[in-house]
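Heads up, the next two complexes both have chain A, just with different partners, chain B and then chain C.
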Partner chain A sequence: MRSPVLAVLAAVVLGAPALAAAQAGDAKAGKAVYDLKCIGCHGEKGDGKGPAAELLMPQPRDFTTGLYKIRTTANKVPWDQDLFRIITDGMPGTSMPSWAVLPDKDRWNLVAYIKSFAADKFKEAPKKLELPKEVGSSAESIKRGKEMFEAIECHKCHGAEGRADGPSRAELKDEWGHPIPPANLTKRWTFRGGASRTEIATRLAAGVLGTPMPTFIDSVEKPEDIWHLTNFILSLGPESPGYATLVTVTAVSDAIPDDPNADFWKKLTPNNIPLMGQVIVDPRNFDPSVDLVSVRAVYNDKEIAFHLTWDDPTQSTEDPAKKLFADGISLQFPPQPSSGPERPYFLMGDASDAVYLLRWQNGKGVTEATANGPTKIAAIQGAEASGKAAYANGQYRLVMKRPLVSKSETRPTFTPAVFMPVAFQAWDGGAGEGGTKMSLTSWYYLRLEEPQSSRRFVIPPIVAILTLAVMLLVVRVANRRA
Partner chain B sequence: MRKVIGTLLAIALVTGVALVANRPGPAGAQGGGTIEATVTFAGAPVVEKLKVNKDTEKCGTEAVIEKVVVGPNKGLANAVVSVPGAKGAAKAMKATVDQHGCKFVPHVTAMTPGELDLKNSDDILHNIHTYSTANPSINKAQPKFKKLMTEKFEKPEFVKLTCDVHSWMLGWVAVMPNPFFGVTDAGGNAKIENVPPGKYTVEAWHETLGKQSKEVEVKAGQSTKVAIEMKK
Partner chain C sequence: MNLLRSRFVQAVLVLVVAFVFFRFGIRPPAPWSVLTLYMSIVLLAVLIYVSSDSDSWREFMWPIRSTLVAPDKGLTRLVLLIVVPLLLGYYAYTQAAAKPQAPPELRAVHPAPPASLQFRGKEIQITGLDNPLRRDQAGFKKHVAAGAETYIRNCVYCHGDNLDGKGHFAYGFNPPPANFQDPGTIAMLQEAFLFWRIAKGGPGLPKESTPWNSVMPAWEDRLTEEQIWQVIMYLYDATGQQPRRWETAH
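Here is the complex of A and B:
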């Protein structure tokens, strides 16, 4: 190309993908960066067997096979830009971080170096993937997408509502023989190759190499079904989880329903809380199953209720013979709200400061407990809490209730307008989680809204009128002086 | 009634075997000899069973994974017997694998380089996931409405076929360099016809037991018997 202007023009005319223009990297210079930044996981030989590999799930890429999950080509060879993009953006839901901190040049050099691990695979030229003509989202398109979703049986792996709970889930393995879960289509911020329309359509059309996800470009009824499917998948969940920083408890005057599927709960805005694996105490959980819990909370003059929603692909109760644990979730509070910033140790308290747990376990129901650490949990006698859970299509919905006020020292009293520390823990028994193998959060805060009174409709207008009156007075006095 | 069905089945089986065995040879190989190979294995059969949690109306409730099938007189089924050194042009003939009852039928398909028809007669989703090095490996969805797909296998190789939806499904496609091959039946027998006269190494390949070979001399118009024993 003679001038950069021409190059840009050509890119626009040809409708080039929104990928950076490829630059020829220097493999030798790439090795220097690789040995500093990549070797820990991907290994000296590029075979994905670095010292950290065994703790990672999914496992680091084995570059020696030249096989890449995320590519925008019709054959198996990725563009350099595909590799550059993954290095730059990282892979959501995996241990691969974004390396945007490295200069562009270093990243292009890395591309050249990782290609050298499977040089023979890159002898073949990448082939452009031709996506069918784009179809925008509409109610009809989503409907057609749902039909196709059912016809091509996406649910076999991804589940009827897309929560990765399909019957083939447990059988899935990647080409290296490692178990690999299907994507949860309701959480598209975890999609490895990105969550944009084009990216989703590309994965559907070209598959995800090295995984059970096949290509569908020739396996839908009409080519544009790829876009209808994309529109349907986009309709399954929000673009981002919109994590909450504070759990607001809404004041209600009516009775609070026990049924977790009641319409009452759907009207409340969820507070989405992210959970992480517990990696402080042995046995640790490096591959947590539950990564998000949606909390809806209400209170009336008698009780406080928590409605929790979380995805769990396997419904399981305790079965020692099969080494299965019960699914469970718990809310953690200090036994009494403190006036200062001090809180018990977030990991279920310690010997000196206990925590109060309001918890539910599949098969046992709702119970209350006092904990002085994750292995020192004692049930509180005389149950005051109750609850009801429902499980469907890879998702739990649970209501837990408790009296607002407690006279005992082991249970907190909830007071409106007071910030109350709260933390969450969850266990997916089907994934082998139990005891300290859990997902958890650090401390969050919970705040009971003050009961709504009619005063809020009266006081602000009065203040406004008074302010106006004072202003007019000031103006008049000033005018008179002048 | 049962007897009649049994007889019919037996006839069908014999005809089937005969059809497989009577693979047409290359043109101009008239006056060649026949190799009657018997492949045996002294070990025990290897059969794995798995409880099926989906599509039970098509797949049954128990999946049987037959890794080593040993018949009467130690005959080893599903072994590919071939004569790599024989010269003869490949005849264009499409091979077919059917996905039926959540199994690849036949379990081992032998073909000369060319096209392979992949049928889905189950009316449910399967995916053809191949493991190969010489040929490009594929992973293509074959939903229920896609009854037939055709794929090219152009280089000689033993290609593993799997389906990720039904993890127990396992099949093999043996892409052979020349048309002189056969797949052993339940008795461990395979017949290779119209082999040009000469001295050859006969090779037997099995998916888990590997390869064994034996020298033979093929004479025009004659049948040569060869016994190959597979070892672990």
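Here is the complex of A and C:
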């Protein structure tokens, strides 16, 4: 079966679908690749119990059941192309990477090998999924989609605004009894099976096998409602997070509102910062809950204010009896800006170099602290910071304020047009995060923009007029000589 | 054909062709500063060529001069007098309104390793040190397999399943995790260097390598000496790279 001609012939004879031309793989050759690349997570027996499995969330696929999450078929059997696509593209939001670096042949061989773990499940032929005729997006279609979203109870798991905070969230289990969170529909870039229109519609129509996400093609009123739902889901969030590398603090002349829901904040462009798990100090966090914080920041002549938005499906305060932690977030700065590149260790400083933390904890409000490492945090006496948080539909919005200038050694002073290091940490208490179990960033830069200068309106006309004058002079001199 | 014979058109053509070649013909693309330098040299060469004798120079200058003085070119003159200042004004606007970018983080990527280090209270000589497990040739496969397991339980989050530095935490950190597939990393380092970097992590870096930014943990807290040597064997085996050898002093 080495010859491509034979492979094509085989595909024709076996009646393979017209997606990408499927190639018949060699399971034996696939095993060799599997043992090198896949075994660490999916295990020797293909049961998803490799040495790394216990640390991963979601858990690696158990191939022995023959159940596959992402398929484009109407029955439980995926096309070979479905398996090939996941091996090639990986699954966003999980530990499954893209294996596009492997030659096509290796990937087709892998498909053949992983199918062999549940050969009897593949005796049935895949059945083509017929999607209803596509409906383009419009205000009307989105409205209809929202109605359907409630009618077929998507919000029970995915939440009223799609942030995975529905009331059933805590009870959800996958086929193997592991807890499984619903998808956050506002973060399309984490959709396991892809975020294109067709992919979303296919997930809605065919469901996600092995998870509580059912097949909806028969539950909706009319088949085309699948497309209205798709259009509604697409309207919930941006296509990509557009991560920032610099946090810009805008200069304002008016008073800064305390209310995190004020219109004032909506007009500012968010700086989106990705957060990752803390895996240096025990207890470590391999599956961080807060993966993104949107930062809007402003300053006037007296104070600086940070408006933070992040998704947290469960609102929780500290409760030692129930072993619950408080939700929280913190901004980290060096206590004094240094002239050189040196700064404290990114993970909340160390014994010799402290960091300044401006933080908020649910139930305690906004406080300031000095840290000499993640377990050595001391509150700063004499509160100068204040703030207000609001929680709704799986999302926190928080305003933290502080005077721009500080006379104390432990608090930084913010100066316009200076690059100031900043880092972020966040805790989702409801997911068991507290102490060193957090999500975090390494150092970023923050910069207070200069007060609205008129430079950009003054310099261009001057340049234009000067150019014109020089050109006129040249023409004149040339004419005089002629 | 007459147009092509004009010195001025020839000069402009040479400049355009040179620019297109430098901009699109070089892979990977050259930065703008280099492009500016190359184009200045080309411009200089063209000017020297057209001014090699006075006839040639006059011919070259003729279209410019005629645009400036000829009575029938009045409209062209007017258009140029409006368009050129506007274009330069717009360029000045884009420069004045540009948003500042985060400054680059300068660091030494492969700093010199120390001569020796303290590993959990035990002194280990780094200079001249080879991987002790390589002497156990019968156990090679066993060590690589053990290294693979240690790797996937600890390192994969940042350095990735394919050892290419693209783990699922990788894009959140700066500096980015090392890409072991890149011939510029482990292939040009001795195994003892890797031992030092793994054992001491980010906090063990010298100042010129910005230890405060690195997210690499100090693995001596978590892994044994043998486990670290096993991971190193796995890194070379899985990427097909060879470790650099110590120069023999003679």
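Please note the rule applied: the second predicted complex is superposed on the first by the 445 of 482 C-alpha atoms of A that agree within 3 Å, B and C clash if a C-alpha of one lies under 4 Å from a C-alpha of the other, contacts with A are read in each partner's own complex, and residues count from 1 in each chain.
Keep this in mind: a residue touches a chain if its C-beta (ideal position, glycine included) is under 8 Å from a C-beta of that chain, and two chains touch if they have at least 3 such contacts.
Quick caveat: nothing in here was measured; it's all calculated off a predicted structure.
Visitor: Counting only touches as set out at the top, which of chain B and chain C does A:392 meet: first, second, both, neither?
Guide: After superposing on A, A:392 lies clear of both chain B and chain C.
Visitor: Would you sort A:157 into first (chain B), second (chain C), both or neither based on which partner it touches?
Guide: So A:157 only meets chain B here.
Visitor: May I ask you to decide whether A:473 touches chain B, chain C, both, or neither, giving the answer as first, second, both or neither?
Guide: Neither partner.
Visitor: Touching A:55 in the superposition: chain B (first), chain C (second), both, neither?
Guide: second
Visitor: Using the touch definition from the top, say if A:255 reaches chain B (first), chain C (second), both or neither.
Guide: The answer is neither, since A:255 touches no partner chain.
Visitor: Regarding the shared-chain residue A:125, is it in contact with chain B (first), chain C (second), both, or neither?
Guide: After superposing on A, A:125 lies clear of both chain B and chain C.
Visitor: What is the contact status of A:218 with respect to chain B (first) and chain C (second): first, second, both, or neither?
Guide: A:218 contacts chain B only, not chain C.
Visitor: Who does A:172 touch here: chain B (first), chain C (second), both, or neither?
Guide: first
Visitor: Looking at chain A, does chain B or chain C touch a larger number of its residues?
Guide: The larger set of chain A residues in touch belongs to C.
Visitor: Which positions of chain B touch chain A when the two form their complex?
Guide: 53-54, 124-125, 127-129, 131, 136-146, 149, 164-167
Visitor: Residues of chain A touching chain B in their complex?
Guide: 75-76, 151-153, 156-157, 167-168, 171-173, 175, 207, 209, 212-216, 218-221
Visitor: Note which residues of chain A are touching chain C in the complex, please.
Guide: Of all residues in chain A, those touching chain C are 36-37, 40-41, 50-52, 55, 94-95, 97, 99, 101, 243, 245-246, 248, 274-277, 279-280, 286, 341-346, 350, 353, 419, 441-445, 447, 449, 455-456, 459-465, 467-468, 471-472, 474-475, 478-479, 482.
Visitor: Mind pulling up the chain C residues that touch chain A in the complex?
Guide: 65, 68-69, 77, 80-81, 84-86, 88-93, 96-97, 99-103, 105-106, 148-149, 151-153, 156-157, 160-162, 164, 166-169, 171-174, 202-203, 207, 210-215, 217, 238
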